[in-house]
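Given below, in the form of C-alpha cells, are the structures.
In what follows, subunit A forms one complex with subunit B and a second complex with subunit C.
On to the complex of A and B.
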C-alpha cells in the first residue's frame, strides 16, 4: 500500500490504447493477407502472360448458348448478359413454383386427414435429407432421358404440351420482345393502385373490398389491351417429324434444373410454412371457427396471412438459396452465368476476373432479392406501438 | 370441431375403434373422402412402383460389383487395413467419450444415475440406431467379403467397451498431470489416426462415400473456430473488427458455393506460391471451411443474441476480464442454444460435399455413381436409377439420423425452456 495513485494508466493497460491496438492488428493482418494474395496473383499472372483487366469482355465468345440466337462471334460481354438472363429466368420460375408447391405441402402436413399429412411428411423427410446435386442428376438422366419418351413417341398432353426427351414444348406467344413484359409491369402497378382504392372504398362505406379480385381484373385488362395493341398471338407446339414447331421448347437441362430446384426447395419451404402456421396462436383458428368460417376461409383469411408474416424472412432465405443453387445448372449444361463463365474460361478468358465478375453478379442478385424480401417484411410486419 | 358428431362418443377415453378412427382421420367430410381416395390410389401406386423397383425390376448387380468403389473409391488395396483399424479405433474412441460425458453428467446430477441396463433403455437405443444399423447390415450383406464384417464386429465391440470404461475413467481421480495427459491423449486420437491414414496414402486416392464424410468432418471441425471468431467479431464493440467480420460474412453468403469451388479449382493456384499449391481435396476442404464459417458465424451470432444481458452484466460485475466473460460465461450458453442449428448446418455441408465432385472432379460418391454406369459391363443399360437410389439411400440415412439426433438433443437441452 504505497498510497500513491498514479495519475496515468500505463500505456499497455490503457483500454483505449488496447482497443485501437487490437483493431489495427486485425486490420493489419487482413490487409497483409490480401496484399500477399494479390502480390502472388500479379506475379503468377505476369509469369504466364495472363491479362488481369476486363479487356476479355470484348473478345468474341466463340461458343453457342443452347437455344439462344446469339452469334458465336458476339463478345463475351453479351454472352455473360445472356447467361445472367438465364439465371434470372430459372430463378423467377423456380421461386414461384417452389413457393406454390412448398405452401401446399406445408399445409398438407397439418391436414387433419391422416393420409395426406403422412404423405406430406414422407415427402419432406425424404427430400430434405438428400443432396440437391443428386436430384439434378436424377432430373436429367432419370426423368428426362429415362422416363420421357423419344420424340417419335412423344406424349401429347391435350395438344397443349408435348413431352419428349428432347425437351418439353409448351404454348407460348408470338410477338415483339419485351412489350408484353412492360404491359405486365404496368398492369401490376395498376392492380396495386386499384387494390388500394378498393380498400379505401371499403374503409369508407363498409362494402366488401375484394381487392384481390379487382387487382387481378385490372392486371388482366391491361395485359389484354397490350396483347391486342402489340398484335400478339398464341402458338401451340406441334410435332413435325423429329422436332416440335411452334410454342416454346423448354430445354431438357432447364427442365431438369427446374425439377431439382423446385422439388428440393419446396421441401424446405414446406417446413417453414408448417412451422409458421403452428406459430399462429391457436385462438385465431378457433375464433375463425367460432364465427363459422369455412375451412378454406379460415385458412385463407385468418391463418395464412398471419403465418406468412412469420414466414417471410426464412422463406426469403430459401429464395436466396434457390438463386445461388441455380448455379448448379452449369453441371448439366444449362447456360446460366456460371456455365457461361466456365465455358469462356475454357476458351481462354482469364479465370480470376471472370469468376470474380460472376460472383459479384450473384452477390448483386442476392442483395437485390434481400432488399425486396426486407421491404415485404417491413410492409407485412405488425405495426406495434 | 366442425363437422364432427355433436354428442360425445362413448369411447372417448379408450382407443377408438377402427371405424371411428377411419371416420375421424380419413373420411371426416366428403371432400376429405375424395382426398383420401385420390391420395390413397397415388400412394399405393407409388408404393407398388418402389417395391417392384427394389425387389423385381431393379438390377442391383452394378452396386454389388462396385460397392468398394462407391464406398472408398480407388483407395489402394494394401492400405485398406488402415481404414479398418481407424474405424475400429474411432468407434472405441466415440464410445469412450460418450461414456465419459455420461459419467460426468450422472455425477453432476444432470441425469438420473440409473446405470442399470433396463428394457426401456434398450428399446430407446434400438429406436435411435435401427435405421443406420439396417443400412450398415445391408452394406455388409452386399460386400460379400469377411473384411467389412470383421471391422464392423470389432467396431461394435470397441464402442461398447469404450462406453463401459468411459464412466469409470471419469470417476477415477488422478493427479493433475495424469489427467492432463489423459485428455491430451484422448484429443490426439483422431489426429493420430488422421496421419496414420493420410501419410500412407495421401489425398489423391481418396474417394467414394468415405471422401464425402471426410470432407464434411474436416470442414466442420475447421470452420468452427473461424465461425466463433467471426461471430464475436461481428458483435464486437470495435468498429474496424466489426466491419471486417461483417464484410466477410456477407460477401461469402452472397456467393454460391458451386462458383466458389469452381474458382478454387481453376484459380486458387494464382493466389499462392507454387510450393504451397494445394491438392484438389485440400482445396475443397479450404472452400467448404471458409464458406461454412460464414454461415456458422451467423448461427453463433444468433446464439450470442439469445444470451440474456444479465449474464454479460453479471460476468462484468464479478470482475472477469472480457476474454473470460466471453469464454466462461457467454459462449458456452450461446453455443448450447444453437446446437440444433449447427447440426443443421453440418447436415447441409455434408450434402454439399457432392458439389466437390461436380465442380472439381473429385471422385466422391455421386461422381462414382455416375461413372460406374459407363463401365463396360453396365454401359447403356440405363442403370443410373439404381446407382442414384443407392447413393441417395446412404446420404439420406446419415442426414436423417443426424437430424433426428439433433431433435432429440434439442428436447434434452430444453432450448427455449428454462
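On to the complex of A and C.
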C-alpha cells in the first residue's frame, strides 16, 4: 500500500523533498562561497607572507592608549581588551544620558507651553539632520580646543571640577575599585527589592507607592554603609604643573565623543518618545485627570508606562546605533576597540584577523544589548496583559 | 578544489559575482602564475643575460617573455601608469598643490619609478593614503608601490606583507616644543603631554624613550598632522614628536611662523624612510629598487638633468653602461641589459626627466632647512651607496 503511494509521487515531484533540497542547496552554496573566499584569503596572504593565525595577540602593542596606564610593551591582546572596555564605557554612559535627555525633550515637544515645545522641536530638527561625524569634529575642535582653556588658565569650579583642554577633572573615589562597585550592585538589588515591596504595599492599601524614591533611598543607604564600613574616601582634582592630579580626569576625546553621541541619539529618542506618548489613547490621560492626578503623576503613573511599552523596541535600535556610532570616536583619537584595532594593524598586526575579531566583539555587544532590550520589552508587555 | 568550486559557483550564484569581481583576478593569476613564474625566468632569461652584449634585441625578447606571467611590472607597463601610495600634506615630501600636482621628495621618487619603468615621469597616479591605511593599500594591490615616508622595520617587513627597498631618506625621531616654553633639552620634559601621529613608529618610540629616561610623558595620538597642529596651538600638547625631517617641514609651515617653534637637539631613534612593495614579487621589487638606486649612482657620476645629454659621447664604460649607451667589447659594441625588465636607458630617463638624488633633495628638502647629513653620498661621509651597475 505505502509502496504504491511512493511510486505514484516520484522523488523529484515530492514537494517536501523539493523544499528540503532547495534549502540544502542554498546552504551549500553559501557554505561553498565562504570556503572559496576563505581559500582565496589564505592563499593570497600566504603569497605575501602575512600570518593568518592569532599569534599577533602576544606581540607587544608598541603604542599607548591615551589616559590608560597600560605600557606600550603590553601585548596586543591587552590593548584590544582596554579598547573594548573603552567602547563599553562610552556606550553605557552614552545610553543612559541619551535616554534621559531624549525622554525629557520628547515630553517637552508635547508641552502646552509654546516656547518649550518649539525649542524642543528646533532641537530635534536641527540635530537629527546634521551628520554625527560633524558633531564629533565640532565637539573636539570647537568645544574642547576652542572653548576650553589651556591648562595654565584652567577653570577651577569651586575646587571640585577643573576644566581645561587636557580634560575635565572631577572628584572621584580614592582607591575605588570593584569593592565599591559590588556595593553599588548590592544597592541596586536592594533598591529593586524595596521598590517591589512598596508596590505590593500600594496594591494592598492603595497608598501611593513612590517606589522610585524608596529605591533611591535604599541605594543611597547601602552605598553610605559601604562607604563607612570600608573607609573609602574621595579625592579632589588639583593642578600640578601641566597636569591635574587626584580625582578622575575625563579625557577630551571622551568628552567630545560623549557630547556628540548623546546630543545626536537623544534627538532620535525624543521623536520615538513623542510618537509613543501620542500613541497612548487620549482617554488614558483624561481618565488620569478625572481622578485628579497631578500633571507629573498623570505622566509618571499613567502615560509613560504605556508609552514606554511602545517605545522600547525602537529605542533599543537607537541603543545599538549609539554603540556602533561610538566607533566614530576613532576620528578624534578616542581609543575605542576600533581605533585600537586600526592602530595595531598600522603597527604590524595582520588586518584580517584583527578586524574579524573586532567585528565579532561588536556583534557580541549588540546581541547582548538586544537580549537586555527584549527582556525589558517582555516584562513591560506583561504589565499590560 | 578551489577551481572546481569557482566553476560551479559562477554560473549559479548571482551573489557570488561581487566576491568574484574582487578575487577572481587573483585566483586566475594564482592558477596561471605558478607555471609561468617558475619556468619562464629559468628558461629564457638566463640565456638572455649572458647573450645580451651580443644581441641588442634581447631587451625586447625579455619583455615579451615577462608578458606571460602577469607580474606587477608587466601590469604597470600594460596599464601605462604607476599607482604610487603617497600623501598630500607633508611639506617637502608630498604636497598636493592648488593645481592638483603632487610636489615633494616622495612625489619625485614616484616619478623616478615611473620614468624608469614607463619612460614617462608623469605617468603616475598619486594615491593619497592615511598613515594607518598605507599597508592595507599595498597588500590589497590598490597601489603598486608605497613611497610615503615610511620607516623600514623588521616587523613591517615580516608581518605587513611589505618588502622594503633602498632607503631614500635616513631620518631619526626628534621632538619639537614651543619656542617660549622654556624647554631646552629632552630631559626638561617631565610631566608633559607629547603628541604624535597615530599608527606610526613614533608612537611607540616616544613611550620607550620616556621610559628609558625615566620621564613621565603622556603620549597622545592624533589621526592627522592637521589635528596635532590644532591641538598644539590650543595648548593641549606640550611637545610634538615625529621624524626630524617632518618636524622641520611642519615647522616651516606653522601658522605663527617657524620661529614660534624650537626643535630640541636630541635624536632618539633610527628612522630609515624607504619605499615598499608587496611581498612575493621579486622582479617588481628589483625594478623599483634599481630605479631608486639610479638616482644615487647618477649623483656619484656627476650626472644631473642639465648635463645628461653631454654624456652621450662619454668614453667612460661604466657611465656608458649606466646610461644604456653602447659599450665597446670584445664582440663589438653592445648595450648592457642586466635583465631587470627595465628599458636599457631607464637611468638616462630618470635623470633627464626627474634628476639625480642631489637635485631632488635640493629642490624639496634643502628649502626647508634640512642638511644632507647622513643623506650624502658614501664618499662624502653619508650612507648613500649604489651597488655597481654592470
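Quick note on the criterion: the second predicted complex is superposed on the first by the 345 of 385 C-alpha atoms of A that agree within 3 Å, B and C clash if a C-alpha of one lies under 4 Å from a C-alpha of the other, contacts with A are read in each partner's own complex, and residues count from 1 in each chain.
Everything below uses one rule, namely that a contact is a pair of C-beta atoms (placed from the backbone, for glycine too) under 8 Å apart; a residue touches a chain by one contact, two chains touch by 3 or more.
The model shown is predicted, which means the values in this text are computed figures rather than measured ones.
Of the two partner chains placed around the shared chain by superposition, subunit C is the only one that A:243 touches, whereas subunit B remains out of contact.
In the superposed model, A:45 lies in contact with both subunit B and subunit C.
With both structures placed on the common chain, the touch criterion links A:331 to subunit B and to subunit C.
Contact with subunit B, but none with subunit C, is seen for A:129 once the two complexes are overlaid on the shared chain.
Contacts of A:152 after superposition: subunit C is touched, whereas subunit B is not reached. Within the superposed three-chain model, A:345 lies in touch with subunit B and with subunit C [touch as defined at top].
Once chain A of one complex is fitted onto chain A of the other, the partner contacts of A:37 extend to both subunit B and subunit C.
Of the two partner chains placed by superposition, only subunit B is touched by A:116; subunit C is not.
Contact with both subunit B and subunit C is seen for A:141 once the two complexes are overlaid on the shared chain.
Counting contacts as defined above, subunit A residues 37, 40, 44-45, 141, 146, 330-331, 342, 345, 351 meet subunit B in one complex and subunit C in the other. Subunit B meets subunit A in the complex at residues 2, 25-26, 28, 32, 35-36, 39-40, 42-43, 233, 237-241, 244, 251, 253-260, 262-263, 266-267, 269-273, 347, 351-352, 354-355, 357-359, 366, 370, 382, 384-385, 388, 391-392, 395-396, 399-400, 403. Interface residues of subunit C, counted against subunit A in their complex, comprise 1-2, 5-6, 8-9, 12-13, 15-16, 19, 23, 26-27, 30, 131-132, 134-136, 139, 153, 155-156, 158-161, 191-193, 198-200, 203-204, 207-208, 211, 218-223, 227, 230-231, 234-236, 238, 278-280. Residue ranges of subunit A in contact with subunit C, taken from their complex: 29, 32-33, 35-37, 39-40, 43-45, 47-51, 56, 59, 62-64, 66-67, 71-72, 140-141, 144-146, 150-152, 165-166, 240-243, 252, 330-333, 339, 342-343, 345-351. Contact residues of subunit A toward subunit B in the complex are 19, 22-24, 26-27, 30, 37, 40-41, 44-45, 112-116, 119, 125-126, 128-134, 137-138, 141-142, 146, 289, 295, 324-325, 327-328, 330-331, 338, 341-342, 345, 351-352, 355, 358-359, 362-363, 366-367.
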